[in-house]
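Everything below concerns the one structure shown next.
So that you can tell them apart, the chains are marked A, B and C in the order they are listed, and the count of residues begins at 1 in each.
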Amino acid sequence: MAIITLTTDFGEKDHFVGAIKGAIYTELEDVKIVDISHAISPFNVSEAAYIIQNAYASFPKGSIHVIGIDSELNAENKHIAVKLDDHYFICANNGIMSMICNEIAPQKIVEINIHDKLDTNFPVLDVFVRVACHIARGGTLEVIGKVITHIKPIKNLIPFVNDDQSQIIGSIIYIDNYGNVITNIRKKFFEQIQKGRSFEISARNYKFKIIYKRYSDIVNFEIPEEQRQDEGRGLVVFNSSNYLEIAIYKSDLATVGSASSLMGLQMRDTVTVNFFK
Amino acid sequence: MAIITLTTDFGEKDHFVGAIKGAIYTELEDVKIVDISHAISPFNVSEAAYIIQNAYASFPKGSIHVIGIDSELNAENKHIAVKLDDHYFICANNGIMSMICNEIAPQKIVEINIHDKLDTNFPVLDVFVRVACHIARGGTLEVIGKVITHIKPIKNLIPFVNDDQSQIIGSIIYIDNYGNVITNIRKKFFEQIQKGRSFEISARNYKFKIIYKRYSDIVNFEIPEEQRQDEGRGLVVFNSSNYLEIAIYKSDLATVGSASSLMGLQMRDTVTVNFFK
Amino acid sequence: MAIITLTTDFGEKDHFVGAIKGAIYTELEDVKIVDISHAISPFNVSEAAYIIQNAYASFPKGSIHVIGIDSELNAENKHIAVKLDDHYFICANNGIMSMICNEIAPQKIVEINIHDKLDTNFPVLDVFVRVACHIARGGTLEVIGKVITHIKPIKNLIPFVNDDQSQIIGSIIYIDNYGNVITNIRKKFFEQIQKGRSFEISARNYKFKIIYKRYSDIVNFEIPEEQRQDEGRGLVVFNSSNYLEIAIYKSDLATVGSASSLMGLQMRDTVTVNFFK
């Protein structure tokens, strides 16, 4: 049975997501529809790119991923369908796919050209759903678009490394539900530059010299529980997606606060790693 | 396979929606349950009416729509099941159905009368789910209620037109996830009054003389991208549901702001259209 | 077909929930995945315990409930799988199960021990999903863990009763989507202590002498609707889960306010019942 996932900035309240699901079920009876996220910040292509990159690979090969972010068709914003890692992605050509494509070469990209039949201001419903159902029925990408070879890039995707490789200058690309801040520095990239050297990570006036494996590695379990003061302490981990993340142990915006709120760290802020000889 | 949709003001946190889904799966193994929205403002019948009207028609004929808004049974708030456009709707008789019924005549309305067996303060779980499963199994409406011919109306549904048809006085009936404000002026109604005349739309001290087809029609793509200043500009469109909508190009409450926040437009505020000879 | 439910504090935005669903569908084609809640306050074990207790019983026997709250494995936070009331629960041994287990004796508890093969900082994806799919395929608990007999308790679960049984001192354990505040005083417990006596319920400086059956029982329907002033009035009910709840009639945080906001009632605040001779 085909799987179609949905990632949008439509929010949880409006009728858009419901209407899309209804349209899919009207075309296909046997299909699984899975919500990845509808809470992307409006028009935020970077957030969408981070979320889809980290969600898609858990799904079975052949899954179809509809991404409805900034998808209004115009002279500069074409619609594309991409086959990559044996998954299908349908979205606007606005940078969303560049984070994934930077890691894994796409198998095929087409620019969708079924719009001459469709005059719409709800393209996810009227265009993306049709393309998704076409693929779910076993249709090929060439039928719904013309092959292209390049997609629009996203800015600031790759951290900067200085000439003598003593410094990585990264930036914050995502803030998660716990207020943890996630940088564009991936574990593999970090280790390639690090080459075993010791280091110091700086974000505003906060400094860290250890990267933990788990959040609770900050806790000394030999101290009795009622005497510990770990909740609310800052730490750095490589998160489950292997990105360098600045976190607060057991963060909660409503109580102890979060890395973002306590350290004043925002999207696009700089995070620097200095390596020592 | 039957489709049951859910539209409620239960929110995303509490156990209510999960419990309802569990109850449906306990009665029916082969059913698709689809969330339309659980983020309706509490007890807000107008919002629910707008959302269900714009979502239901995408679903296959025969779909069953459970609407859990202000559904506690009392002397003035009876439960109804409505067949309309070959869809089924189950809700309280509190105005929710009047927006749809105003466009399309219902095929049948029954006042649900299975409550004598059920003493409950969770009627969506204990009453609506049973009615939905009864319909899903092919049962008729007459078995679970007595036929009635009128439903409770909703106020301020239809905009006012003055005697010489030079003015439409509409109102804001919904504010969407992007903060765009949606009026009760539908495209067909607008064009019937307009008869090709030029016009000016007023909302507070904001005036608009053009209704765009797409949000990005406001952009002049001949100007280089880095010199454009369109993000945050106000515009008017007929939205994908064909309602007159005042929008901000690429609105985001957290950054550029929205039509609602920037222009100070709220639910029930007046939007006027003046036509010129 | 197996049913797997999900209750987490992952929120609606991040990729975590989507990734989990993808992983389940990769292991099992024929399964229903149902979201109970992803909006638990971060690390809030009491909220999760309340929600899972009130949602699970609506599902068919044999359903598998994955609870992803504070689930990082460490010396003090082991993973368990519990069979209770012919349902399966997979979670950390951090108190979540103690609210349910306090009502119904578990049929079996195992401490999960498949971690030696898995080094992970996303245990819900890497451990809980595997255990859930193992159970869905008919596997036994003994294969994935060793039997234990005790689970970690949660604090302040049971209200305090004074020696002469003239007073119950309860506390607020949950605040729902309407801002209604829910205490740890259950109807059956209340009636056992009450023994038919009259009573007064106190929360801060608010007093109540009646427990209604339904929210709208506060309304006098003989007064014409436009003269009534019931919206925004406080009242006490046993809610649909049979917990004592302080509510506001037709509460809405954005308009009339809620019990929590208007009366200043917060999680863990005390609610007292005094009985009279």
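Simple rule for what comes next: a contact is a pair of C-beta atoms (placed from the backbone, for glycine too) under 8 Å apart; a residue touches a chain by one contact, two chains touch by 3 or more.
The shown structure was predicted, so the numbers you read here are calculated from the model rather than taken from an experiment.
Q: Building nodes from the protein chains and edges from chain pairs that touch, which of line, ring, star, complete or other describes the result?
A: Contact map by chain: complete.
Q: Given that subunit A and subunit C are copies of one sequence and touch, is their interface built from the same residue numbers on both sides (over half shared) or different ones?
A: Mostly different residues: under half of the interface numbers shared.
Q: In angstrom, rounded to a whole number, how far apart do the mean CA points of subunit A and subunit C lie?
A: Result: the chain centres lie 31 Å from each other.
Q: What are the residues of subunit A that contact at least two other chains?
A: 12
Q: Can you tell me which positions in subunit A touch subunit C when the two form their complex?
A: 1, 3, 5, 7, 12, 32, 34-40, 50-52, 54-60, 63, 176-178, 213-216, 219, 221, 225, 237, 239-241, 250-254
Q: Enumerate the contact residues on subunit C facing subunit A in the complex.
A: Residue list for subunit C touching subunit A: 9-23, 25-26, 29, 33, 41-44, 70, 72-77, 120-122, 125.
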